């Protein structure tokens, strides 16, 4: 099966919404971690992995769970309601049964200098924008029944493998 | 078993936190529904019902689930970061296998006129404060396996029964 | 200026994400109200209204605020992680300085019977799907400085006007 | 002014609520960062600093904002609905105009071995519990109008100073 163009599943977009902000007028810090996880889910979905193959749903007994054991975020620029963001994901397999995903958020607003419009990528890739924020989630595989460490499930292995291929020549 | 004083489990308190606000400077509307559910959970806990007897936890198979089928909220006053709130709960059994909880939020700040301090309740009960907001959650009982309507679980019946006794003479 | 096709800004889509669920395995109720507000923001944006024209952002002093004074939601079907949803918005001007928005959520999953794919709308419109949930937000216009009731801001008037035109012949 | 006993404002408590969990049955990771910030706010409040002195509220123009520039969290044990947690805060002044707060979460359930009941602290302090999770928030002071780095506001300086005194002899 051909791997879809990584640009379609490792470069995502979202807007800052009003409920993401706080009384300081800018995005409240922990919302970024929610955005990271939602980007991870969207990436799997666009790559072709059904949510139910990775995340527990009623009546489905998944043999393997993928809890987050660590996360972090860095905030470089204030994000305000309506800001359009480009999110570049960098998944990476670590030791057996463990992987992490790095998320880089850049402005994709028409009114910020530069643009994340893929049609202009040859002239000015999203990577040319200053970094607005970045996040990291680190996941381990455990057997759902015993909570013992185990190998990553096959769909995640496939996604990680394809990600590593895609990352070779990218300037991100 | 003696029922604990309803004031200890039907009158709760919380503060508006910074992350509850949005860029308009006041509580973002849907946070109130979260507060309602957390107040419902705290009320059960203070009444003496363990969370695991009502809410699903890993490895516990609860026969009955209590999904919310309806909720609403009314917002009367802007709530700002740091505001102390008194929450009065009014649980009510409806038809078989259904109940609702009404939540009235009043200011309990020392710097608002009046006070929700229980020690002053004789002079000026929280009920004398103007209503800042109110919420409603409506729950039905269903069998977890079939999702068919069924009777309320026994702990909830007990809590509803005690609530109805407690509500008789209260001026709320 | 021509009004864009209402299908592009009154019919939106989103997925249920893992963080939207709770330990019962389904969407936690109050997330739906967040989705409603995000759909309202996305609708304005797709219609052509910049977020900063309606929602406070740092350094912009908006003369008029649009606080929510009431909201409600009804939950008909369990929503699980990965579910694709079509959201139909029905904004409506009420008395002077007040409007409400109704949000109807239907399944748009390929694996649910029927489909919300616009390309199939002639055969089977999203409206043919059973309702999964619905929400309502009710907004008033107030002067930001005095918090007194006032007229709706012009962009919202335009959006409401265009919505009422679009709703005439729709089977929703 | 005498500094209140650090145990009252550096050791806090909270329960895991149903809405904090996800379909895997345990606390959804980013909720912990919300808990961290709420603990920071509660600590300031218990220490005697009004929310409005540190967090923006409508009509109050704070000269200094304290945005979070970095956060992280580590998750050691699954947290389930109803779990009672003890939170130990360790605020620390870093270079000029910067501080961080470390948050250690331990089980305070009667049914976990050990207890965070302060009355038993002599026999078995909360610190004797295994760590369930920890968080970190790192804050800088900026002038609200220019967003330039500046000194920490006086109330935060006082809180940091008192924290550093309190931390000397503690076994945490």
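What to note about this one:
In order of appearance the chains are A, B, C and D, and numbering begins at 1 in each one.
What we mean here is this: a residue touches a chain if its C-beta (ideal position, glycine included) is under 8 Å from a C-beta of that chain, and two chains touch if they have at least 3 such contacts.
Predicted, not measured: the structure shown is a model, and the values here were computed from it.
Minimum number of contact steps separating subunit A from subunit D: 1.
With every chain reduced to the mean of its CA atoms, the largest distance from subunit A is reached by B. Both subunit B and subunit D derive from one sequence, and where they touch, over half of the residue numbers involved are common to the two copies. Of the two chain pairs shown, C-D and A-C, the one joined by more C-beta contacts is A-C. With centres defined as mean CA coordinates, subunit C is found 28 Å away from subunit B. Between the CA-based centres of subunit A and subunit C the separation comes to 26 Å, rounded to the whole angstrom. Rounded to whole angstrom units, the spacing between the C-alpha centres of subunit C and subunit D is 36.
Along subunit A, residues 18-19, 23-26, 30, 34, 37, 55-58, 78, 80-81 each make contact with two or more other chains.
Subunit B meets subunit C in the complex at residues 23-26, 29-30, 33-34, 37, 55-58, 65, 67-76, 78, 137, 147. Within the complex, the subunit B residues that touch subunit A are 18-19, 21-26, 28, 30, 80-81.
Those residues of subunit D whose C-beta lies close enough to touch subunit B in the complex are 15, 17-19, 24-26, 34, 37-38, 41-42, 45, 50-52, 55-58, 78, 80-82.
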